[in-house]
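Submitted below is the structure of interest, expressed as C-alpha cells.
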Amino acid sequence: MKKLINKTENLVKESLAGVAAAHADLVKVHYDPNFVVRIDAPVRGKVAIISGGGSGHEPMHGGFVGRGMLDAACPGDVFTSPTPDQMEAATKAVDGGAGVLHIVKNYTGDILNFEMAAELCQAAGIEVAAVVIDDDVAVKDSLYTAGRRGVGTTVLAEKICGAAAERGDNLAKVVDVCRKVNANGRTMGMALTSCTVPAAGRPTFEISDTEMEIGIGIHGEPGRERMALKPAKEIVEMMANVILSDLPFKSGDQVIVMVNGMGATPLMELYLVYNELNKICQAKGITIVRQLVGNYITSLDMAGCSITLLKVDEELLTLWDAPVHTPALRWGV
Amino acid sequence: MKKLINKTENLVKESLAGVAAAHADLVKVHYDPNFVVRIDAPVRGKVAIISGGGSGHEPMHGGFVGRGMLDAACPGDVFTSPTPDQMEAATKAVDGGAGVLHIVKNYTGDILNFEMAAELCQAAGIEVAAVVIDDDVAVKDSLYTAGRRGVGTTVLAEKICGAAAERGDNLAKVVDVCRKVNANGRTMGMALTSCTVPAAGRPTFEISDTEMEIGIGIHGEPGRERMALKPAKEIVEMMANVILSDLPFKSGDQVIVMVNGMGATPLMELYLVYNELNKICQAKGITIVRQLVGNYITSLDMAGCSITLLKVDEELLTLWDAPVHTPALRWGV
Amino acid sequence: MVNQESLVAWIEALQEVYAENKEYLTQLDSAIGDADHGINLDRGFTAVRRKLSETKCEDMSAVLKTASMTLISSVGGASGPLYGTFFLRASAVCANKTELAEADIVAMVEAGLEGILHRGKARPNDKTMVDALTPAVNAMKQALAAGSGVKEILEKGVEAAEQGMTDTIPMLAKKGRASYLGERSIGHQDPGATSSYLMLKTAANLWN
Amino acid sequence: MVNQESLVAWIEALQEVYAENKEYLTQLDSAIGDADHGINLDRGFTAVRRKLSETKCEDMSAVLKTASMTLISSVGGASGPLYGTFFLRASAVCANKTELAEADIVAMVEAGLEGILHRGKARPNDKTMVDALTPAVNAMKQALAAGSGVKEILEKGVEAAEQGMTDTIPMLAKKGRASYLGERSIGHQDPGATSSYLMLKTAANLWN
C-alpha cells in the first residue's frame, strides 16, 4: 500500500485538520465527535442540512459544506458510516430553529446510525427529517432487500437542497425537493481497479489487466458483474442504457449530468467519457443543461467513473444555478 | 494498461470534444491544429495569454481558458509539446491588437516549438512575448544545462497574468507580472507510482511498494532520487525544506500555496499533506494567505503530489483574488 | 453462575478475539462487503475495553450499557448500531440482577437478537448475523428446557451458531452491503454471522 | 548518385525504420526522458510519408522542405523542431540541384547538424543527438577529403555515429529532459543520438 499518510488511525483526523486549515474562511472542524460545520452556523431561521458517511469519498461530504449547500458533514472512518453521536452533535450545532434535514445514502450502516441520531435529536426537541438517497441503477431494487445504494445523486441533492434551504423553504418543502431529486436521479458506476482501504493495507479485490467491474458502489465493493475491458464508447453505452431506461429518461428531457471520477481517473479520460455520453444523449433527444466533470464522490484511489443523470424542471434548475460557496463547489460568489 | 479510452491516437481529440461539449459557455475548441480558445476571443484591446504543452496534465491548460485566465491553450499529444502551427493559429485567433503573451514551461520541446511559433507570428505582424516558467527546485539550475523545469507555478502564473491582462495591463506590464510570479514561485514534486503513457501502454518506470521518487517532473520522468517510502510528515518536511531554502522564504512572508495531486492521489491525502505543510509554515512564521488543494497540474494516473509556494505582495494577491471563470478555476463570478 | 466479573471478562476476551480475527473478518468482508468488519469490531471493542477500565460500573446492567454506548459511538457501519442494540437490550435483561442464571443468559441473548431484528429488519436467510444468532437462540432455549447447565447451553448455542454461520455461504444476501452483489454474494460466508459466532464462542469458553 | 527518387526512398525507409524502432526508442526515452521519442518519430515520419504521397514536389529541395514542415507540425517535443530544422537546412543545400554528389551529401548533413546546434544550443558531450551527428559529420568530411565515394562516406559516417551514440551512455546529460535527472542520467544511451544514427544508417543502406 502506497499512500501519503502518517498513521492509518490518524488519517481521518489529520485530513480534517488540513480541511480546517485550508478553508478556515468557509468551515470549522470539530473533533471527538468529528464533524465539519459551516463557519456561520447556526443560521437562524434557515433549515439546516447535514449529510455524512464514511470517509474516503472526498470531496463528499466535507467539501460541500458552506453557503448554499451543507450546514454540516459527519465523516466516519474510511468507508465506515459515522456514529450517532457525530450526527447528534452536528445537528445541535447547526440547528437554527427551523429544523434539520439529514441526507442519508442508502447503506444499512448509514441508515441505522442516522436513525439512532435522529431519535437522540428528537428527544432533545430538535425537528429532524431524513431523506434517503437510493439512485444506483446497478442494484436491482426490491422490497425485500436493502434496496439501491445512494451514490452520485447525493452530490446533486446536497447542492439543490442547500439552495432551497438558503432561499427560505421550510423543512417540509426542503424534504420534498430532496425526494424530488432522488426520484429523478440515476447513477451507475464502474471500476478499472480496486481501491485500497488504508487500514486493510491491500486492494479490496483482485482484478486482471484485461477486466473491469461494472455496477460498483463507492466502497470498493465488487460490482454486479465482471467483464472484459472494452473501449470507453462501449462502456458508456452500456452504462447509459441502464440509466436511461430506468427512470426512464425521454426525448425532450432536460438533465444535469455528472461524470464523476472514482479518485484515480485522469480528467482527460472523464472528458472523453463525457463526450461519449453527450453523443448518446443528443441521439436520444435528451438535453444536458448543466454538468459536472471531475472527482466529486470518490472511492479512495480507485480508477473508474460513475455517470449520474438528473432530470430537472425549472425549479430544480434554478436551485442548481443558485450561488454556492464550499471548498469543492463554487459559483455565483 | 487500463484506461477509459477508445483508440490511443484519438484520445486527445476525443477528450477535447468532451471539453467543448461540457463547457460550450466558456470555450470553443478548434481541431487541426488543436487549440482551446475563450468563447469571446479575441477580446479587443486586451493582451491575450496563451499557454500550452503536452496533454495529460489536465486540467492544465485547457481547463484554465476563460475570463480572467488564459485566452487559449494548445494541447500537444500526451506529454509531447504542441507544434508551432497550433500556437500560431491560437495566437492569431486570440490577438486583440494588444499583443500576445506565451507562457512556456521550461522544457526543451516546449521552448523550441513556442520559439518557432513566435517567429511565425512576428512575421505575420503580431506582437508576441514569451515568459518561461522554471520553478522546479528539484532540478539544480546551471547556465550550462536546460535549467529547471516549469511545473506548478505555471498554474498560478496563468491565473495572475490573466487577471493583469483583464484589468488592462499592456504587454510589457503583463510580462513583468509573469516574470515576478516566476521569480517568486517554487515547486517540488514526488511520486508514489509511475504513470502510464497511453501510447506506450505500460508504466514509464518500475517502482516497488516500499519506494518513492522524490523530485519528479510532470511527465513520468524518474525523479532526482529514489528512496524508501516515508510517513507523509517526513516527505512534506523534506520537500518543504528544499522549497523554503531556495527562494528563500522568510518569516513574515505571505504565500499562496498549491498542494497538487498528480492524478491518482485521493483528495483526503492531499489535505493531510496540506496539514503538514501548514504546520511547517506556521513554525517558520510564513503565512499562507490563499491556497489550492486538488488536481491542477497532473501527470496522467500517477500517484503523488507537488507543493508550490508563491511569495506574494499586495499586487499579486489582488490579481489572485480577481474574478476568474474557467472550467477548472472559478471565483467571483 | 455468571456475575459482573464474568461479564467484564467476556467483554475483555471479546476485545482479544476480535483483535486476533481482525484480518480474517475483514477478509470475509472484502469478498462481499467493504473490507472493514474486522477493523470495525477491533476498533469498537478496544474502545469498550478502554472505557470499562476507566468507568466504575455499579452493576451488570451498567457494564452492558457502557459497552452498548461505546460500540454505538465508535464502530459506525451496520454492525455498530446492531451490536450496540444487542448489548443495550441485553443490559435491560440484567437490570437489578447481580448474577445470571441459565434462564437469564438465554433471555439476554434472545433479547439481544430481538434488538438486532428490530433495528436491522433482517429476516432469517438474508445472510446476516441473524442467521448465526437465530439458530443459536433456538438451540439455547431447547437446552434450557432440557435442564442443561450454563456450559452446555452455551455449547449448544455455539454449535448452532457455527452451523448457521456456514449455512450463510450458499445464501443470496438480501440485507446489508452484500445484497448489492446479487448472485455474486453466493458462495461467501457472512462476516457478521462469523463475528456473532465468535461472540458466543468466547462466552462458552469463559462461562460455566 | 543521389537523386530525387533516392531522397524519397530514404524518407520512406525512415518511416519504416522508425516504425520498427518505435518501442526501442521509446524504451530508451523512458529511462532518461518521458517515454515518447519512438512514438514521436513514428508519428512524424508517418505524417511525412503520407504528405509526400499526396504532394507533387517539384525538386529535391521541395521534398526535404515538405518533410521539414510536416515534422515540425506533427512531432512536437524537442525532436520535432530539431529534426525539422535539420531537414530545412538540408533542403537549402539541395536548392536548384537535381542530383547530389559526394560533397553535396556531406554538406547536407553538416548543414542539418548546424541547424540543430543553432536551434537547440547543445554542445558536444551534452548527451544529445548532436553527439551522434558531430562525429558522423567529421568522419564524412574526412572520407570526402580522402576521395571516397558516396557509399564509403556514408559508411564512415554511420560508423562514427554509432560510436558517438554508444559514447552517450556514460555521459551526464546537460540538455533536454535527461538533464533533469542529473547523475541518474549516466549509464543510459541517449534516444535522440540513437535515432540520428538510424537516420544515417538508413541512408547508407540505400544510397551508393
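Labels A, B, C and D are assigned to the chains in the order they are written; within every chain, residues are numbered from 1.
Methods note: a residue touches a chain if its C-beta (ideal position, glycine included) is under 8 Å from a C-beta of that chain, and two chains touch if they have at least 3 such contacts.
Remember, predicted model here, so these are calculated numbers, not experimental data.
Peer 1: Imagine chain A is simply missing while all the others stay put: what groups of chains do you get?
Peer 2: Leaving out chain A yields the groups B, D | C.
Peer 1: Averaging only over C-alpha atoms, locate the centres of chain C and chain D and give their separation in whole Å.
Peer 2: 74
Peer 1: Give, as an integer number of Å, the spacing between the C-alpha centres of chain C and chain A.
Peer 2: Each chain reduced to its C-alpha mean, chain A and chain C end up 32 Å apart.
Peer 1: In angstrom, rounded to a whole number, how far apart do the mean CA points of chain A and chain B lie?
Peer 2: About 29 Å, centre to centre.
Peer 1: Considering chain C alone, which of its residues make contact with at least two other chains?
Peer 2: None at all.
Peer 1: At least two partner chains per residue is the criterion; list those residues in chain B.
Peer 2: Expected reply: no residues.
Peer 1: Dump the list of chain pairs that touch, please.
Peer 2: A-B, A-C, B-D
Peer 1: Residues of chain D touching chain B in their complex?
Peer 2: 26, 30-36, 39-40, 43, 72-82, 84, 119-120, 174-177, 179-182, 184
Peer 1: Within their complex, state which residues of chain B touch chain D.
Peer 2: 33, 54, 76-85, 107-109, 112-113, 115-116, 136, 138-140, 144-146, 149, 197, 199-200, 204-205, 217, 219-222, 224-225
Peer 1: Report the residues of chain A in contact with chain B in the complex, numbered from low to high.
Peer 2: Contacts found on chain A: 1-7, 11-12, 14-19, 21-22, 55-56, 58-59, 63, 192-193, 209, 212, 229, 231-233, 235, 263-276, 278, 288, 291, 293, 295, 298, 300-301, 303-305, 330-333.
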